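Order as written gives the chain letters A, B, C, D, E, F and G; numbering starts at 1 within each chain.
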């Protein structure tokens, strides 16, 4: 989840979720940085309204799974 | 929430949630660092089992899956 | 199940669920293509709102969750 | 979800979830392929027993199906 | 939670949540006062509508994930 | 609610919820102290297990979460 | 006061002593308390309060003669069979103790119903007989069923504040409904120049409990919302962070160790849902594996 936490962190501080920033934060946090995952993160978040996605219950996503309960 | 994301990030990368590390990450994320809040965060985390708190959430998401087994 | 996944894949990428497209994807996925089934699938999907059908899982699934609470 | 669907499709047809195969299927489905996300997908699925992950949801999945019948 | 109760108390009596007032109340309540936490409290409350925040269910935030249980 | 907040504050700092302490805190918080209400508070709290009430609240808080699914 | 008997002077002096040596002086009504119960209550109070019965005139004299300001106003609360209570307890606590030591008592003809007296629907212990007529005459809906007298509906037989009639009182007692409470009825208490009347002394514990819970909830809410870290809020803030992060990861379909199973499961569930719709249209559109 470190990539996600990094994205959340940058989003909260109002910084751009760019390759450079993500790497900088991950490195500061002592993580080994996987370029591909950084790129994938950024690509995945490109069209996403982070604010909305954070608050939107992942029910749609989680529910089928949850349904198994 | 930037302080908590930072803590989560450090926890995930296995780094110590120390004043120094928290500040380093926050700065890398372009946040203005409030020393007092960093101290408060660290003090509060001393009494909190992060893993357990996270598990409670994560498990909530993951558990149902297992339940189906 | 590969036929259904193919339909979902095409639906997600916004492509038409045509005989040609379905076959192309199935072949790319290394599946043996059963012409009759492709035809049947396409015919059956004509009256189905794919988006809604997929969503239904979520909803149907969400109910037991609540119940389980 | 196109990356996930592609992985499931390849899994169902018994093909390896390799970079090459994923790209081939995505392209056949008319998707723009993001190399980084393909790599991330493969990396994420490396240690995962897809069958097991699916099995785990079997109940969840069965319920809506039955309900929809 | 003594810092929070102090803030709520001052808020209710219509006093300013200042360093001085917070300390005065905490001392009257027999608490050991940690300067850093007082500062952190005030910093954290600066942009917060206390009235609103008190009534806003905190736990709802955890809900989406927990909901999957 | 200032009387209750005061009681909770004293409870948290481990001080006795006595007439004297309640008054001291209320005065420090700039409240006008109504002797009768102080006395009534103390009498009422004698039979209330604050610790238990808090625990129950925590559970109650958790319930709606699940219900929100 | 030459015409006043010596014992009366002693009694007033004694009362005055008590008034001066306790912080709290209560005026109570002991009417209707049977002797054994009164004795029981005296024992209950033994360590915390002193109960003193006396003549009204003597109590008035003692109160008026005391140097405690305003205490003479307690006179206004002499009712029934008045008695003074002396204690150093918080008057609210005194009231609470006295209230909780009250016991149910049978209805008395001519007394006032403290609240609605209800005769509940259901079986009675009565065999069919003239009692049926008495019940009906008292306005209680009763009939005979399976060899017993049965009350058919809940019935408010005396409303709060109304006088209990003689026939109703006797019926209630036979039905073992005890609508009255007996005990030391504290009408008012004096402390530090203030008189607290019984309505003020009523402590609502349920509300206090609710308020405690409300305060705790508000404190939790505020600390999570303002991200103030403490022992209670930090786990919730962590959960909020994890929850938001998971939401983001799941909604943005970012695969990692926490999301992949859920996303795979979601795809599988969606596939099955769609398959069921498809097979409802044409069985042959899906493979055998899905036909169950």
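Here is the rule we use: a residue touches a chain if its C-beta (ideal position, glycine included) is under 8 Å from a C-beta of that chain, and two chains touch if they have at least 3 such contacts.
Please read all numbers here as calculations on a predicted model, not as lab measurements.
Undergrad: Suppose chain centres are the mean of their C-alpha atoms. Which chain sits farthest from subunit E?
TA: Farthest from subunit E by mean C-alpha position: C.
Undergrad: Taking each chain's centre as the mean of its C-alpha atoms, give the chain farthest from subunit A.
TA: So the chain farthest away from subunit A turns out to be G.
Undergrad: If you average the CA atoms of subunit B and of subunit G, how many Å lie between those two points?
TA: 45
Undergrad: Compute the distance, rounded to whole Å, between the mean C-alpha positions of subunit A and subunit C.
TA: The mean C-alpha positions of subunit A and subunit C differ by 28 Å.
Undergrad: CA centre of subunit B versus CA centre of subunit C: separation in Å?
TA: That pair's centroid distance is 40 Å.
Undergrad: Could you state the distance in Å from the CA-based centre of subunit D to that of subunit E?
TA: 47
Undergrad: Which residues belonging to subunit C are in contact with no fewer than two other chains?
TA: 1-2, 5, 8, 53, 56-58, 60-62, 64-65, 68-69 - these are the residues of subunit C that touch more than one other chain.
Undergrad: Would you mind listing the residues of subunit G that make contact with two or more other chains?
TA: In subunit G, residues 215-216, 218-220, 227-231, 233, 239-247, 253-254, 256-258, 261-263, 265-273, 275, 277 touch at least two other chains, as defined above.
Undergrad: State the interface residues of subunit G toward subunit B in the complex, per the touch definition above.
TA: So the residues of subunit G in touch with subunit B come to 227-231, 233-235, 237-246, 258, 261-262, 265.
Undergrad: Subunit C touches which residues of subunit D in the complex?
TA: 1-2, 5-6, 8-10, 12-15, 21, 24-31, 60-61, 63-64, 67-68
Undergrad: Considering the complex alone, what residue numbers of subunit G touch subunit F?
TA: Its residues touching subunit F are 90-93, 95-96, 192, 194, 196, 200-201, 203-205, 208-209, 211-220.
Undergrad: Which part of subunit G faces subunit E closely enough to touch in the complex?
TA: Against subunit E, subunit G makes touches at 215-216, 218-233, 236, 239-240, 242-244, 246-247.
Undergrad: Under the touch definition given earlier, write down the residues of subunit F that touch subunit G in their complex.
TA: 1, 4-5, 7-8, 19, 35-36, 39-48, 50, 53-54, 56-57, 60-61
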